[in-house]
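Read the structure below first, then the notes.
The letters A, B, C and D name the chains in turn, as written, and every chain counts its residues from 1.
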Amino acid sequence: MTLFADLLSTVFERRYERWTRKGVTDTRPFEELTVDLMGAAGEVSGVAVARTILERFASADDAEKLAFFRHLAENMTITPTAVRSALDAYETGQTKSSYRAFMAAAEPPRQEMIRRLNQVPGATRALVAMRADLLRLGRGEASLEALDLDFRHLFASWFNRGFLVLRPINWESPAHILEKIIAYEAVHAIDSWNDLRRRLEPADRRCFAFFHPAMPDEPLIFVEVALTNGVPGSIQSLLAEDRAPLMAEDADTATFYSISNCQAGLASISFGNSLIKQVAADLALELGGLKTFVTLSPIPGLAKWLQAGHDFNDPEKLRALAASYLTAAKRPDGLPLDPVARFHLGNGAEVFRIHADADLSEKGLKQSKGVMVNYLYDLERVSRNHERFATSHEIAMSSEIRSLSASAEKLGI
Amino acid sequence: MTLFADLLSTVFERRYERWTRKGVTDTRPFEELTVDLMGAAGEVSGVAVARTILERFASADDAEKLAFFRHLAENMTITPTAVRSALDAYETGQTKSSYRAFMAAAEPPRQEMIRRLNQVPGATRALVAMRADLLRLGRGEASLEALDLDFRHLFASWFNRGFLVLRPINWESPAHILEKIIAYEAVHAIDSWNDLRRRLEPADRRCFAFFHPAMPDEPLIFVEVALTNGVPGSIQSLLAEDRAPLMAEDADTATFYSISNCQAGLASISFGNSLIKQVAADLALELGGLKTFVTLSPIPGLAKWLQAGHDFNDPEKLRALAASYLTAAKRPDGLPLDPVARFHLGNGAEVFRIHADADLSEKGLKQSKGVMVNYLYDLERVSRNHERFATSHEIAMSSEIRSLSASAEKLGI
Amino acid sequence: MTLFADLLSTVFERRYERWTRKGVTDTRPFEELTVDLMGAAGEVSGVAVARTILERFASADDAEKLAFFRHLAENMTITPTAVRSALDAYETGQTKSSYRAFMAAAEPPRQEMIRRLNQVPGATRALVAMRADLLRLGRGEASLEALDLDFRHLFASWFNRGFLVLRPINWESPAHILEKIIAYEAVHAIDSWNDLRRRLEPADRRCFAFFHPAMPDEPLIFVEVALTNGVPGSIQSLLAEDRAPLMAEDADTATFYSISNCQAGLASISFGNSLIKQVAADLALELGGLKTFVTLSPIPGLAKWLQAGHDFNDPEKLRALAASYLTAAKRPDGLPLDPVARFHLGNGAEVFRIHADADLSEKGLKQSKGVMVNYLYDLERVSRNHERFATSHEIAMSSEIRSLSASAEKLGI
Amino acid sequence: MTLFADLLSTVFERRYERWTRKGVTDTRPFEELTVDLMGAAGEVSGVAVARTILERFASADDAEKLAFFRHLAENMTITPTAVRSALDAYETGQTKSSYRAFMAAAEPPRQEMIRRLNQVPGATRALVAMRADLLRLGRGEASLEALDLDFRHLFASWFNRGFLVLRPINWESPAHILEKIIAYEAVHAIDSWNDLRRRLEPADRRCFAFFHPAMPDEPLIFVEVALTNGVPGSIQSLLAEDRAPLMAEDADTATFYSISNCQAGLASISFGNSLIKQVAADLALELGGLKTFVTLSPIPGLAKWLQAGHDFNDPEKLRALAASYLTAAKRPDGLPLDPVARFHLGNGAEVFRIHADADLSEKGLKQSKGVMVNYLYDLERVSRNHERFATSHEIAMSSEIRSLSASAEKLGI
């Protein structure tokens, strides 16, 4: 990562910083600026205008931002009549030029505008932040939600797996990256630099993140891994301050115990599946002793799903209830109720083991009565599991989980 | 560049090489493979299928490639009825979901297929090569030319200026990059490593290339620059083997004497304008003495345009004819006949000086009777020039060129 | 620094770690091992023996270490009779071989032993740590103090200025380097990562360290710099949490407010003078606005020197006393009593200004009643100042300091 | 290497270039300059003087250089009477200060001068070049040969194995490094960039060099390796233009077929032994299939040793003669007559196989009638072989070689 950041910062970020320092002197309204950017000169000389728009947006208040978004939503969207006539022409004669005309009509001008904004060094980060604003301000407003689909469409193309770089995060990583790891950790909070260090420095701890070359200082998503002997059954023991680290070479299991998205502006652009599989593949290559790849995951919806009458003091009953919740509780669309289960099962993992008293933190007790689950990534079965889940919502599980579920059913819980 | 290549090669290319070595064992037809890639499992587990497609394509013969392209052209294009009904629904109720449905219908499935192919490490380079094949094989076949528009649309997004990295190319650059510079030089051929060295190593010579992070070993476009005192009037003196180099700090002029695109598969994705302006800006920042930024350019269409009756032995007459050709000879669409003129004038440059006996190479004599031209990039006027050229085809020129043209007119030549 | 650490860690440190993990199986006494290392096989196959010695030493207790040092001191020193006869032979016939024989006799075998130990990857750091042990354990024991002179002689050659690399330390530096900065700061303690960040991240703060390529994870010495407008008069205002940072370009003064040696094992190998001058030169090159280079320094010996009768409540009197102390209080050898004064005056700096209430920390009040001093590095005068100080102990000072001293004298204080 | 060069060039070389450009204005004689450098100011402010000396030396003619060396030889050597009295004092009382005084007297001042010269950025390279001049100009002049021992002593310390960095050289290495490989190849000449490429780019070819951090653009020594199946018997087949490369993973043998020292100024500082063993260890780690490490070496002294009466047309007789030459022909000091044999046997290798018609180049035929030899590096036996060779000149050889030698003896040849 460090090389990377170093190289690209030089190239991109320094210039970026430079323009953020200068005041913006062009005070024309956004409407005029966007016309300018899209006009004849825009393709060739548009960088200055693009810079002005980005900078003005960055310092705008919410009302101004909303006005800007509404301008894009209303004035830079598709024109159905134009689309229809281009489509008619294309149907009549399927030529290069009729197809080109259709493509031009069917794509709203704001997509090209976003691409032109992106010509400015450092713009990608600014555009991701812009979408975070849009998601925040546009909720429930149909035309803004539609506008967001254009951002999302472009970002899915720009942040294609093929453009991402997987980098290890460790105690030799730059401090300004590490402070983002502390800030973005969403599962088990990191409460100090010492806590961070305990998760990065020991020989049996690893962390990996995806980066995009145009945002080298910003992790997109990261995963924390513990190398263990056997499948761990509680987060307390995994993160115990006084534990004795293993030699990495002696571990037989890689446990993914935390995975966090970092960029609000990249919501719905999915990286987690690729990240887990890439990290599993890389670790398997590096450490021949690793045979098992599991998660140690929260069950965020469990407590809410449990009913008042349940006995929460019997760990066995809790485990059976959790098995039942994970494998049988469904949304109307047939997918699992639990969001973390949806994610891992959607990736082709299987429900492997369930542990009571596994997360005794305030948050753990509150959301799942302390219960946690291991999802198993069996690289041989992941593809088949995924396909069955995608086509028939079939949930893969170990025999242990199958028994637990059955016992829950028998008990009528 | 070296850091970059080093880093990213490690990440991407090595893996890429690995898969190209293994034989491909999946021998299903391309049709089935693309169905698989686009199916339920494709988004999550599609990397293996994508790899198979890319590898199979790389080793296919032209007939198989053509069959693959026709499959994309015919079976993975838009369905006009589906677009129309999605458009109708959207017009009736402009909601997030009706817009999403329209977007899905209006984009041909092959675009998503190309994005999924790109998930494979090293795929971007393979896809650029695929488009080079498409351009070569699809010429004149309407549905393949339409298919090419989808490649071009995606590549314009992926190779957006904001994602490109400008790197100096010098005698400390990696040999495998330098041999590409030798191979891709399209204006004044580099005939040996010693010739290359004379263009890179002296203190008054510079070369810069754009790279894309996903293709770190492949320059996209490069420009060769000579730092000079005054505006140079011939390529012979510029490249003379025995010339005495200047100290860079002592130069007042940066002369862009060669600019070459490197990737056939990126045809029509324009980088040259950005490259020239970025290099000019960077050089101006580094070397305070630089006041003038010009090209020393060929006039590839001149000889063809000249008529038999013209007297080619009078250098003054030749210069006047060249001025006339560059400023008055137009295509039906009103743009200059000369392709190099179109490029530089389109960037906002102006026709500055014309020199006879300026390129005495076989090629130079053949294409332009040895005449060359300087285009001036005056950073203060570039934007206005560009706009006038774009809106009214007005050609910017120096008073010297204006006089030359006028004299040509007077002479009735 | 990050590139550097990254590169060289790969090369050296990883291997180093590897050998420290394996148990040592060769349990022969140090005496035997050193004989082996110095014997016929040592030059070519000595790496394994060298590794064993270093590893055994690293895990030895103080008694064993002392025994090892005494072995070197007694059995691997020069043999005066051998030196004398080699000298006689050389005097008789000054040939290449008589000179070589003299060199061999005049250098104690332990120097060659230390060089052979250094063949092991990672050994340089281990040898620096070994000398730290020697300094600690050998104090007052003449033969061990002599032994230390050999370590010091070799280290002065190995850590020659020409081999050191100056690297900026900033908020993008690796965390494992930054934690060493926190640990080694010897002047104004850094009490947290936030405190560190305040010294590294703002645009008007800089930090630089010298590294040696064979110890890329270990800063040797570092200096903290504040870019200011005018010469600062107190450490409180300089480090105030709520101060508003300057733009670096707007600063006219670079203030060196803390300089710390990091390696006990490199005691008496002087880096500070080179570091200050190199940093001053680099900053001057980068920031054209910088006109003044000063320190804001403690006066560690002031409080001890002051007498009971002095009135410490009058800041003016305190300043005069400090001026008197810095410029007139001398050791028997004629050099200033104050160690920080000796260092900066020895570098060619001059006593520039004195401030009362300038360091109100517990340490500052205790050691100097809160008084601090600016030493000025005037690059034009540094060489002359240094020479006068070196040859005649003449102390350079500003007219303000001269007046203060004079007033102190008049007051009889 | 590229990272390294990049980083350190930035740090060192650029500055170096800068000073070489400025004219030297200080025209005092070398004698005065060295007095200045060694004087009171030298330790602290000596960099400017050191720079002047280095630059003046670089542009001096041979007569001036010789005068400079004689100045060092005569005026900056040890003073026997001073050494003797320091030695007497030390013998009387072995204290720290008497030992320090002895060290000071026993080391000639020119050693400290060389260390002070090395403070200048880029100086290490200049000092290595200075020693190359000394070796060239000082031959046969006793006091200059003695002076050289001081350079050599310092360089042995500076270029200690622990400070060297092993870097792969490949087709991605910087051109300015590669051109040095072409220039320095001393065994089998590289006649073009294409020839170089054939030795670097194929999957079954490797090249490695040692670098010193203070001379990052200068390889010190490099070795070329062919990965083969079985032990190769001729250089023609090894370097054949049309051979089909192996996959590296499929090779069972690493053949070191060329090893070249690059720096005349580092003569007698031995790197070859470390290089071969390090490269063998690294390759063994990377490629598990490698079981055998051999050389394919010239026999430079063979032709000269053969007598007129020998029949050079019978390959078997030639092989027997070569075996006899390599194992039985000795210098007066008991070491092998052949210099390459001395080197490899001294490293602990054994004479393994001998091939006729193995080097049919003009040079190969001339120096050894086309015969070549494999030396085997058996890592298990290397240490024992070396020790026996070092202590009793015993030559390790395979049974094949033993038979060949015996047959030669029987034939009385």
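What we mean here is this: contacts are C-beta pairs under 8 Å (C-beta built on N, C-alpha and C of every residue); 3 or more make two chains touch, one makes a residue touch a chain.
Fair warning: this is a prediction, and the values are worked out from it, not measured in the lab.
S.K.: Which chains does chain B share as contact partners with chain D?
M.R.: The common neighbours do not exist; no chain touches both.
S.K.: Hop across touching chains from chain A and tell me the fewest hops that reach chain C.
M.R.: 1
S.K.: Which chain is most remote from chain B in terms of Cα centres?
M.R.: Chain centre farthest from chain B's centre: C.
S.K.: What whole-number Å value describes the gap between the mean CA coordinates of chain B and chain C?
M.R.: Here chain B and chain C have centroids separated by 55 Å.
S.K.: Could you work out how far the Cα centre of chain C sits from that of chain D, in whole Å?
M.R.: From the centre of chain C to the centre of chain D is 35 Å.
S.K.: Please output the residue numbers of chain A that touch at least 2 other chains, ranges allowed.
M.R.: Where chain A meets two or more other chains at a single residue, that happens at 3, 6.
S.K.: Which of the chains are touching one another, listed as pairs?
M.R.: Chain pairs that touch: A-B, A-C, B-D, C-D.
S.K.: What residues on chain B touch chain A, complex-wise?
M.R.: Touch residues, chain B against chain A: 3-4, 6-8, 11, 40-41, 44-45, 47-48, 78, 80, 83-84, 87, 90-91, 94-96, 99-100, 102-103, 106-107, 115, 118-121, 123-124, 142-143, 145-146, 148-150, 153-154, 156-158, 160-163, 165-166, 213-214, 273-274, 346-348, 382-383, 386-387, 390-391.
S.K.: So in the complex, the part of chain A that touches chain C is made up of which residues?
M.R.: Result: residues 2-3, 5-6, 9, 21, 171-176, 178, 193, 197, 201, 247 of chain A touch chain C.
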